[in-house]
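Both complexes below contain chain A, partnered by chain B and then by chain C.
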Partner chain A sequence: MALLEIDDIHVFYDKIEALKGVSMSVEEGRIVTLVGGNGAGKSTTLRAVSGLLHPRQGAIRYAGETLGQYGAHEIAAMGLVQVPEGRRIFGRLTVNENLEMGAFTQKNRQQIAEDRERMLTLFPRLRERLRQVAGTLSGGEQQMVATARAMMARPRALLMDEPSMGLSPMMVEQVFETIRTINAQGVTVLLVEQNALLALSIADTGYVMESGRIVLSGSGPELLDDERVRRAYLG
Partner chain B sequence: MSATTLTLRRFNAVDVILWLLRIGVLLIVVIGTLATLIKARYTIAQWLDFVMFGLTIGSIYAQIALGYTMVYGVLRLINFAHGDIVMTGAFAGYFAAAGFDRSGLLESRPVLAMAGILLVAVLTSTCIAVLTERIAYRPFRRVQGLAPLICAIGVSFFLEQTFRGLFGSSVKSYPDPSWLRAAFVVFGFRIPRVDVLVIGLALVFMALLYMVVQRTRMGTAMRAVAEDAEAAALMGIDVNRVIVFTFMLGGVMAGIAGVFYAFLYKQVYFFMGFTPGIKAFGAAVLGGIGSIPGAMLGGFFLGMVESVGPTLFLDGIGIPAPYQLRDLIAFTLLIMVLIFRPQGILGERMARKRA
Partner chain C sequence: MPTSLAILPRRRQPATPLQRTLGVGLVFGVIGVYLAAVGLLPMLNKRSVIVDTIGLGDATMIAIGLGAGAMAARHAHTRGGATLHGLLAGAVAGAMAAALAVVMQLVSLQSIFIQLSPALFTMLTLGLGLAGGAAVLIGGGAAAGLAGALLRDSPPGGRRIVLAGLGTVVVAGVFQELIQLVLQNAGALTTSASEFFYTWEGLSQQGAAAIFVIAAIIAGLNAMVQRRAAGRVAASERRVRLRRLLRAGILLLLLVCFPLLAGSYIGQVLMLVGLYILMGMGLNLEVGLAGLLDLGFVAFFAVGAYTTALLTADSAHALAALSYWEAMPIAVLLSICVGVIFGIPVLGVRGDYLAVATMGLGEIVRVIVTSDFAAPLLGGAQGVLQIPKPRIGATVLATPVALFYLTLAASAVAAYVAWRLENSRLGRAWMALRDDEDVAQALGVNLIRSKLLAYGLGAAFAGLGGSIFAVMLSSVYPSSFQLLISINVLALIIVGGMGSLPGVVVGSLALIGLPELLREFGEYRYLFYGAVLVIMMRLKPEGLWPSEVRRRELHAGDEAEALDAGADLLPAGQHASSAAE
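And now, the complex of A and B:
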């Protein structure tokens, strides 16, 4: 059974139906990507999974449990952690405090220290900036903080919303490298991206979304070769 | 020709009035201060009295302002009932103090009695602060517009009238133990003990609060929620728990401040929270609402200005009994801040929220 199953969810903003029956499944240990244009409903899907929005219809199942009744903080504590769109790091807190907040659900002090060490090895740039207020970092460094912060929660599945947004091509490359590293450590990744080419090239499975519906799905390479995907997203 | 008309147009009537206001206030302050100093009708000892009182009342404002600023930080709500939470603390402290006074404990064991009074006051004000959040504010959490503010005003009335109903509308005089009436003599100047006690303990409690906010996990979570509650929830932080924690901290400071305020003015009554509440709210705005150091700074600054200001600014201009105009000075200062620096002394503009 898949680690995360989204089963025909309908999400409304007031009277506007943003998701019109979305179904996806994310197998444990994979990289799954959800691509599509602006306003297709990609972020809405992730917000629903994280419990920030509640579907009016349909169900989201994670590790055998239906998420419907849980709040966002409980879902995060269950190991389903999101790196939100635009990073949303705590800009007035230091980098170290940001990491500490990522580990909010963790109780074992020693394990937290080890996790922090692991993150600082993964992102050596952050080590020099530990005591610095996070809002003063560059966009690329802020993305590192956001990713490291989420990883401090020891996620079983990491949801990433547009991690490449607003970054230089070189930084984007690094972000995707990091995603691969994290995945290789056994963390399942659900990646939402506008940059379909890059996302599909590292994904095991891909879903293409258009105005609130999944219109296409398949393996990463399959979708990269698909005529319709090429025309719509890859130019 | 047309260019000049355009540049002239930019100075509209409002600008002119604001500039006149600025210049007028500045003139009054400068001329008044100089005249007062030249006349030299007050002795050093008297000025020292003003300063000490300013610091004392300022430390109380600072403590109350912390409650406003922290709740505003996490909820963007102006908790109008906070002054009345202070009142509940003062009342609870009064009953403890009156009890200790009757049993003689207040005279014989000052430290123990004071600790007992503070404990009772803090427990009461904290419980009431947390209850108001749970019962009144939480249902309004997701409501836009003015409703939460109106609700806060309602809570304020509710607390005032409940205490009036329970304990009457008369003014009760706080016990006044002899050890508090005495004064220290330093270099020949008298410094009232109550001032030293209030300022000293206020500084200790504010330092403790600052440590909690800066160094503990919950304190950090509070700052995280203040910045971005949704991102905090995504990290597994229970935002409701953090909000309760915030009201608790505010309630603790309110209870302490209530006891000090009552000891300073020697009385309690159901409406006593209103004026210090409004002024402390002003102090929080003055320092930059949402900022914790700002609230402390704003409290002391407002206390100083309203204590020293009337005599310093107005006596020289020949206004009789300027001391009675201290509220005027205090609120003029607040209006000036709102007009000329709405974000407060340490406040940052709301614009740079998300990088």
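And now, the complex of A and C:
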């Protein structure tokens, strides 16, 4: 069975139905991507998985458990950790303090120190900026902080919401490289992107979403070749 | 105003330096005339800075002249220009005051502005008659303006020395009663010092001169030491922390010894300050750390006071006859419970709405206490009387000074708890919630538990304060627990520095202690209070003693600019957009 199963969920913002029956499956150890235009419902899907929103109908199962009964903080403690859209780092805390915040669910000081070291190896740029206030970093560096912060929680699955948003092409490449590295270390990745070309090219499986519904799914290469995907997203 | 500019077809010509200077003079003149017309100047003059020489009102007028000069000098480019502009602005401000005197001479306005009294006229004209007085006002204004401009242009070291001297003289003069009292109680040596500086009525001329010189020398030495330190390596983090600790220690020591010397009135004032410190530390957990804007905070104070009253009072309403030491923990525990219950209905409310919602909850508590429904239990508007003073063994803590030490001990314990909380896991959870609720939760912070704990623990501090408040007054009335208390507590933590423990102490001293010492100015105190709040928020929005994080936040702009200047991976266009996120 897949690590994460989303089964026909319907999510509402008051009366507006943002997700109209979404089903997805994320196998352990893979990179799965969810692509789609602005307002399709990608972030809503991630927020539902994180427990920040609750589906009115349908179920989300993770590692054999139904998530409906858990609060967002419990889901995080279970290893499903989100890197939110727009990074949302703690802007007035230092980089180091941001990382410590990420380790909130962890109790072992020694292990936290090791994790931090691993993150600084993954993002050498952050090492020079450990004592700097995170709000003063560039967009690309802030994305590094947001990713490293999430990784400090020792996720089993990382939920990334548009990590490439607003970054320069060079930075974007670096972000995708990082995603691959993280995945290679054994972390399952659910990647939400508007940049379908790049996302599908690193993903094992892809889902295409339009107005709250999954309209297409398949392996990454399959979707990249699909005429409809090309027309809609790859221009 | 961008909107009006958008409507106007063309931008107005920028003002010439001369126009600006005249404008500055007029504005400062209007301030002076206003202060005179509302009666503040003659009122201030009741307190002298230097006996038979300068009153506080006169000092204020001089300060207005100095301010006008300093402000006008800002626009000038050359040294000579600056002095000239300062002179002019001061003269204009003085002329406005002279004009007021002329108008008062010509028409009697006292039926409309009751404060435009003959006494004010005499004060403005220094008793020299209209012509002489007007000349002195304009001349004096010009001189003050010139001095202000020169001060502004002088090197910072020199400026600091002069300002320190002047400031110390003003403080020594205005608070002469208190200072004399302390000096005379402290010992033979200080008594003779007091006799040197002060006459029976206040600061003497020789005393003022001596104090000016001493303060200036100290400021000069201090500046020298600092410059030398800066010349070496930048002070290490440990040094900075040590210095801060030292400052806090000195402040604390003063606070501890002071009431013993200053007597029971000061004891009472400081005790009030202590109560506000307790409440401030509590609200600081809620607002400063957890970001929960709470205007119903007084409710917890009331719970602590009423619980103590009902458990210890010798009255018909009493539920038990416990000793104070038994009642106080119960009062604190009950406050925690009420805090948690209070938090439940507003859990999902954020930001501004939270302020209004909590204000409503606070009012509900007050209304319940006053209601007929609860009157049999809580005593209604008559309150609960005859609360015994706490005793330790055979000693009764009856005097204000003794109760101050009780407050101090409670504050010390509370400060320790607050400090530990700040650096705990819970403290980090609060900070994360304050900055971003969603992200905090997504990182594993339990929103409901953390928020309710913030309300509960914040309430504990207020409950402890309320408990002491009850024994201080020996009675509790519902009318004591007004919304104004919540607002005062909020104001003091903002002025002190949001999220900063020493800030709470400084804020309480400034906003609660100082106005008490200015009691004779009656309602004008609140004019002062309001003006201080506005000026503070303009000049030092991070507070008098800000926390590290807060300081960073308000000065993050400067650092960001410095960084932007450096190389970055982003192309220029995209950089701006990502910074705006």
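Of note:
Following the convention adopted for this analysis, the second predicted complex is superposed on the first by the 235 of 235 C-alpha atoms of A that agree within 3 Å, B and C clash if a C-alpha of one lies under 4 Å from a C-alpha of the other, contacts with A are read in each partner's own complex, and residues count from 1 in each chain.
What we mean here is this: a contact is a pair of C-beta atoms (placed from the backbone, for glycine too) under 8 Å apart; a residue touches a chain by one contact, two chains touch by 3 or more.
Because the structure is predicted, anything quoted here is derived from the model rather than measured.
Once the two complexes are overlaid through chain A, chain B and chain C clash, as defined at the top of the document.
Set side by side, chain B and chain C differ in how many residues of chain A they touch, and the one touching more is C.
Of the two partner chains placed by the overlay, neither chain B nor chain C lies in contact with A:Ile202.
In the overlay built on the shared chain, the residue A:Met170 is in contact with chain C alone; chain B does not reach it. Of the two partner chains, neither chain B nor chain C is touched by A:Ala232. Contacts of A:Val215 after superposition: neither chain B nor chain C is touched.
In the superposition on chain A, A:Gly140 makes contact with chain C only, while chain B stays out of contact range. By the touch criterion stated above, A:Leu122 is placed in contact with neither chain B nor chain C.
Clashing C-alpha atoms with chain B appear in just one stretch of chain C from the list 117-125, 225-233, 387-395 or 567-575: 387-395.
Comparing the two interfaces of chain A, the one with chain B and the one with chain C have residues 50, 52, 71-73, 76-77, 81-82, 84, 86-88, 90-93, 100-102, 104-105, 135, 139, 142, 149-150, 153 in common. The part of chain A that touches chain B in the complex is made up of residues 50, 52, 71-73, 76-77, 81-82, 84, 86-93, 97, 100-102, 104-105, 135, 139, 142, 149-150, 153.
Of all residues in chain A, those touching chain C in their complex are 47, 50-52, 71-73, 76-77, 81-82, 84, 86-88, 90-93, 100-102, 104-105, 133, 135-140, 142, 149-150, 153, 166-168, 170-171. Looking at the complex, you find that chain C touches chain A at residues 425, 428-429, 431-432, 435-436, 438-439, 441-448, 549-550, 552-553, 556, 559-560, 563, 568-571, 574-575, 577-579, 581. On the side of chain B, the complex with chain A involves touching residues 217, 220-221, 223-224, 227-228, 230-239, 352-355.
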